[in-house]
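The following pair of complexes shares a single chain, chain A, combined with chain B in the former and chain C in the latter.
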Partner chain A sequence: MIFSSVTFLFLFLPITLLLYYLVPQKAKNTVLLLASLLFYAWGEPVYVILMLYSILLNYGMGLLMDRVPRAKKEILAFTVIINLLMLGFFKYYGFLVENINALFRLNLPVRTLALPIGISFYTFQALSYDIDLYRGKFPVQKNLIKFATYITMFPQLIAGPIVRYEDVEAQMGPRKLSLARFGKGAVRFIIGLAKKVLLANLTGAVFDSVHASGAAVSTLSAWIGAVSYTFQIYFDFSGYSDMAIGLGQMLGFNFVENFNYPYAAESVTDFWRRWHISLSTWFREYVYIPLGGNRVKVWKHIRNILVVWMLTGLWHGASWNFVLWGLYYGILLLLEKYVFLKWKLPSAVRYVFTMIFVIIGWVIFSADSVPQILTALSSMFGFAENGFVDGTALYLLKSNAFLLLAAAFFSLPLLKKPLKRLKESSAAAIYYLFGFIFLLAILSCSIAFLVTENYNPFLYFRF
Partner chain B sequence: MKKVILMEALAVLVLAGIMVLLLYRKTPADVPLQDVNLALTENYALTGMEPAGDMRMKRAFSLNASDFTEYLYYAPDNTMSVNEILIIKCPDESQASNIRSAFESRLQVQKKNFDGYGTDQTALLEHARYGSDGLYSWFMVGPEADSWLKTAKAVWEVQK
Partner chain C sequence: MKWYHRYVGFAFILIILSLTVILLVRPDRAYSAQEKRNLAGKPSLTIDSLTDGSFMDGIEDYAADQFPGRNAMMTVKTSLLSLIGKRESQGVYLCGNDSLMERFDAPDPENKEETIEEMAAFADRHPDSDFYFLLAPNAIAVYPELLPKNAPTASEDAYIDGFYSRLGTSYHCIDVRDSFRVHKDDTRLYYHTDHHWTTEGAHLAYEVLREGMNIENRISFTSGVVCNDFFGSLSAKSGFQTKTADAITVFLPNYPADQQDESYYTVSYADTLTRTSSCYEPKALLGDDPYQVFFGSNHPLFTIDTSAETDRKLLIIKDSYANCLIPFLIPEYSRITVVDPRYYYDDIDALMVSEGFDEVLFLYNVNTLSQDTSLKTVLKNQQ
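Let's turn to the complex of A and B:
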């Protein structure tokens, strides 16, 4: 089930919230767990088995670590291996066999397995529990319902943010619920829904029309396509995160923030501090720092960065373009650290360069194959089949100029400070009045779009 | 320590079982919809409908062709016909079941259109076949909907 569907908005969510608020505090986790399992099973019932296995494995191994402390290290190693095996088998098996076949000219049978939705997210959550439990950051969770609720929580189950157990441990018990908190969550949810339905879907349609033309595009069209995808992926994913965080607040949870205006970044390093924060944090905590981080010799630091970024790329999918995308960022971060940051460039220049690198990054990310990356990049940099500008490009620009400007406006924190000032001033009533009208308007528009668009998949569901 | 080894062995065994179960469960094969089309047109007259494209699918189902790997659509060929076949192949299995709401909306609209005067059409709509399996989702309305579905499934359903 997806958040931006009529079934979720008008059936699943109201019923779940009603039940959740009606039952006593003790039963809230059970209601949330059952709702989450139903939410997950809606898409692909058979993979609930795999998720239940993951719950039992990590819960059981956690208890075992607690009961047999002398074997803690071995138990952790075993649990990590099994979790990675599970992820690897369902996500990378086909990719691995295809590459072995290509490399050794073999003909091993490739069975294309459907990717269990959300497996990358819930496996990483489970791993964070195992590793931090081993590190002694919190006591073992003995209550199976609480542990299963942590793994399956529907708001962030299938596309994050990746919630570390450490961050929600205290919230797994009785949670504070209030009207103010519920309202805050609802506002966040509406903003996320509007980002997805009004901005991501519409910019996605522009990207699709350019993408469908293949190589027969002009340079301007190629840039319009790339910029549209840049906005689509941001509003799609950050919209989902907003909805997840909002739903979490409505249910009494405080999830970590996943985005902080990444397109306002003035360096690639800064971009990654603002984009998919929960994933970057995960890799930093559980891979980069254990490898030695940056407190090692230069060559080891280079190795650490490349390893982490190759894994980050691979995490996104079993395809070479994701590996390339990861390595691209690894190399950019290294260049920034050891070369570019020594140059004192004006802020505007740094911003423009960062955005160009980010847009190129999304071209690599969105491609279906390596040759397609080369075609798209060569079109963007003056080697387009249809010249620099063609009729299609001008039409696309004219018909989508307002949309792209609106997307740029809302992707930057231009209103953040003025709104904060207004909220804290004596004219706060205006803020609340216009805020209410604005929310009502975007909610109405989103619902109107949802009624006519029956299918709204999120990009990050694939990962 | 024995307890640890026992638990670990159990975990491995259960995972192996799940993997085998999921790997060898009956799932549809990834076949081109051209094959399905061929099977349908060779076996049935497919009257009351005509091949249709992106725009008509969008109008009838509010679905964008670009969201899917491929689709096969026969739309009603006149205003009094409800005969329709739509088969969609999704990029991955999890997406297929999300199309269900589009089918339900289409069915409701069509029922409303013919409610009260088109008894034959309403009867056909009452027996509409829609659902999803693996990568495929289907919506079929017509006197032979059951047979069409059987034929289509025979093309993509294989026992692994």
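Let's turn to the complex of A and C:
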């Protein structure tokens, strides 16, 4: 099930919330677990069994590590390997066989399995539990329901954020609930829903129409398409995270933040501190630092960065364009660290270059194949089939100028300071009044679009 | 701060819960008059529909279609879209002259090729009949100047030319485009809010067709408006609110006094086993699709038996564009059989043999034909 659907918003959510608030504190995790399993099974009626298997495996191995401390290391290694094999088999098997076939001119049968939605998210959550348990950061979780609830929690199950067990361990017990907390979650959820349904879907439709023209575009169209995708992926992904964090608050959880105005970044390094924070944190904690991080010789640091970023790319999908995308960022980050950031350029220049690099990154990311990356980039940099500007580009620009400007406005923290000042001033009533009206308006519009619009893509089916 | 969040929380849960309750309690609607389509009903729950996920998709469609205030939401959505400068919704452009026109999307070349091949093979199998083909352009090809500036659309002319150049040997291709472009400012050839041509447009097409099919100009027609509050399929599909409603006219034949007895005919519908003495269904004018005044809805097969003093028998294979053109042909044939391949599952070759048609007319509009896969299937039917 996805958040931006009528089924979720008007059947699943109200019923789940009612049950969750009505049952006594002790039964709340059970309700949440059952609801989450239904939530997952709704989209993956078969693969829900795989998720249950993963829960039992990691729960059992945790208990075993606790019981047999001297074999802790071996048990961890075994658990990590099984988890990665499962992820590898369901996510990368087809990709691997295709490449082996191409490389050795073989004809091994490619069985393309449908990718279980969210497998990358819940596997990474389980791994964070296993590894940090081994590191002794917290005691073993003996309660299966609590453990299963942590893995399956529907707010973050299919599109993150990747919640590390360390961060929610204390919250698995009784949680404080109140109408004010619920309302705080509702504010966040409404904002996330509007980001997804209004901004992401509308900019996504612009990208799709350019994308569908293939090579037959002008330079201006190619840029409009790339910029539209840049906004689509941000509002879609951060919208999902907002909805997840909001739903978490409604249920009494505090999840980590996942986005912090990434398009306000003044360097690529800065961008990755603001984009999909929970994923970068995961890779830093469990791959980069164990490899030695940056406290090693330069060549080893370069190796570490490239390994981590290739894996980060691959995490986003079993396809070469994601590997290239990851390496692209690895190289950019290295260049920044060792070259660019020493140049002390004015911030406007740094900002423009960062955004251009980010947009090129999304072109690589959104392509269906490697040759398509080249087509799209050459269209953007002056070698477009339809010249610099054509009629379609002017039409796209005219009918989407307002949308793209609005998207740019909301992706930057332009209102953050003035609103904070207004909230703390004597005219705070205006802030609350308009805030309330604004939230109601965007909720109504989101529902209207959700009910009547068929275009509602889910971008994370390859994650 | 806390009080504010309490208000928001309360409002949120109130809105969600009340909509949920209305959604669950309100009786289902089977049909939407505004959108002119059947609404999704409850999906059936089976092991298969559960494991392949079609039950879950069905629930989503069902809930969205039955959602309280769906019509108002459609209006909210399209108003918001036009407010931010969008002139397009669901493939429909909001054009000049307060009119709506459907975008022509690049057709699937494979489907086009297969349709051409089956049409040619069909004509070759029946060398005793004369074959005619009228592929009508849509409004977008005749009135491109009304489109939003630079609005992208594929070329209908290229599509029509593709068919005509390939089928020219086995079909008499009737090209109405020149005539339409000459007369496009004199009269309204297409509805402003519907994807069909108007009866005036069909009449103009008939004039071209008449010359191509050697029909002498024996009977004249007088037109009259039968409906002037018609909001058609494009309004429904796009949700755009246009100010002016369309008018539907019908053209009635003026038989000379001494030929009055030739004016009678019967229409027999094979699907409903009904027979009427008129090609008009006045009841449809009160319903929500007044275009159905022509022969009711689309039927798989119907036959018009006339009392015209002729033996000519005609088969028309068509989409709904033909519905308002057929009345012009009635005075000229003793029998007209009309097949709509989208709903027809019988053996068309057997029909050809048993009826011995003198002439066969294929009448389609570009948009329908380019998305249609039923014509080639029906023609391939029997070898």
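What we mean here is this: the second predicted complex is superposed on the first by the 459 of 463 C-alpha atoms of A that agree within 3 Å, B and C clash if a C-alpha of one lies under 4 Å from a C-alpha of the other, contacts with A are read in each partner's own complex, and residues count from 1 in each chain.
Note that a contact is a pair of C-beta atoms (placed from the backbone, for glycine too) under 8 Å apart; a residue touches a chain by one contact, two chains touch by 3 or more.
This one's a predicted model, so the numbers in the text were calculated from it and none came from an experiment.
Trainee: Using the superposition on chain A, decide if chain B and chain C clash or fit.
Mentor: Here chain B and chain C cannot both sit on chain A without a clash.
Trainee: With both complexes overlaid on chain A, does A:Trp42 touch chain B (first), chain C (second), both or neither?
Mentor: both
Trainee: First (chain B), second (chain C), both or neither: which does A:Leu115 touch?
Mentor: The first partner, chain B, only.
Trainee: Touch check for A:Met61: first (chain B), second (chain C), both, or neither?
Mentor: Only chain B is touched by A:Met61; chain C is not.
Trainee: Looking at the overlay, does A:Ala71 come into contact with chain B only (first), chain C only (second), both, or neither?
Mentor: The answer is first: A:Ala71 touches chain B but not chain C.
Trainee: Taking the superposition as given, does A:Pro14 touch the first partner, chain B, the second, chain C, both, or neither?
Mentor: second
Trainee: Applying the document's definition of touch, where does A:Phe89 land relative to chain B and chain C: first, second, both, or neither?
Mentor: In the superposed model, A:Phe89 contacts chain B only, not chain C.
Trainee: Tell me which partner A:Arg421 touches in the superposition: chain B (first), chain C (second), both or neither.
Mentor: A:Arg421: touches no partner chain.
Trainee: Touching A:Lys142, do we find chain B (first), chain C (second), both, or neither?
Mentor: After superposition on chain A, A:Lys142 lies in contact with neither partner.
Trainee: Overlap the chain B and chain C contact sets on chain A and report the shared residues.
Mentor: 1, 5-7, 42-43, 46, 452-453
Trainee: Under the touch definition given earlier, write down the residues of chain A that touch chain B in their complex.
Mentor: 1-2, 5-7, 42-44, 46-47, 49-50, 53, 57, 60-61, 64, 68, 71, 74-75, 78, 82, 85-86, 89, 111-117, 205, 208, 211-212, 452-455, 457, 461-462
Trainee: So in the complex, which bits of chain A are touching chain C?
Mentor: Its residues touching chain C are 1, 5-7, 9-11, 13-14, 17, 42-43, 45-46, 179-187, 189-190, 209, 391-392, 394-395, 398-403, 406, 432, 435-436, 439-440, 443-445, 447-453.
Trainee: Applying the document's contact rule, which stretches of chain B touch chain A when the two form their complex?
Mentor: Counting only chain B, the residues touching chain A are 1, 3-4, 7-8, 11-12, 14-15, 18-19, 21-23, 25, 27, 30, 61-64, 66-67, 91-95, 97-99, 101-102, 105, 134-135, 160.
Trainee: Along chain C, where are the residues that touch chain A in the complex?
Mentor: 2-13, 15-17, 19-20, 23, 50-53, 56, 59-60, 63-64, 67, 70, 72-74, 76-77, 80, 84-88, 148-152, 239
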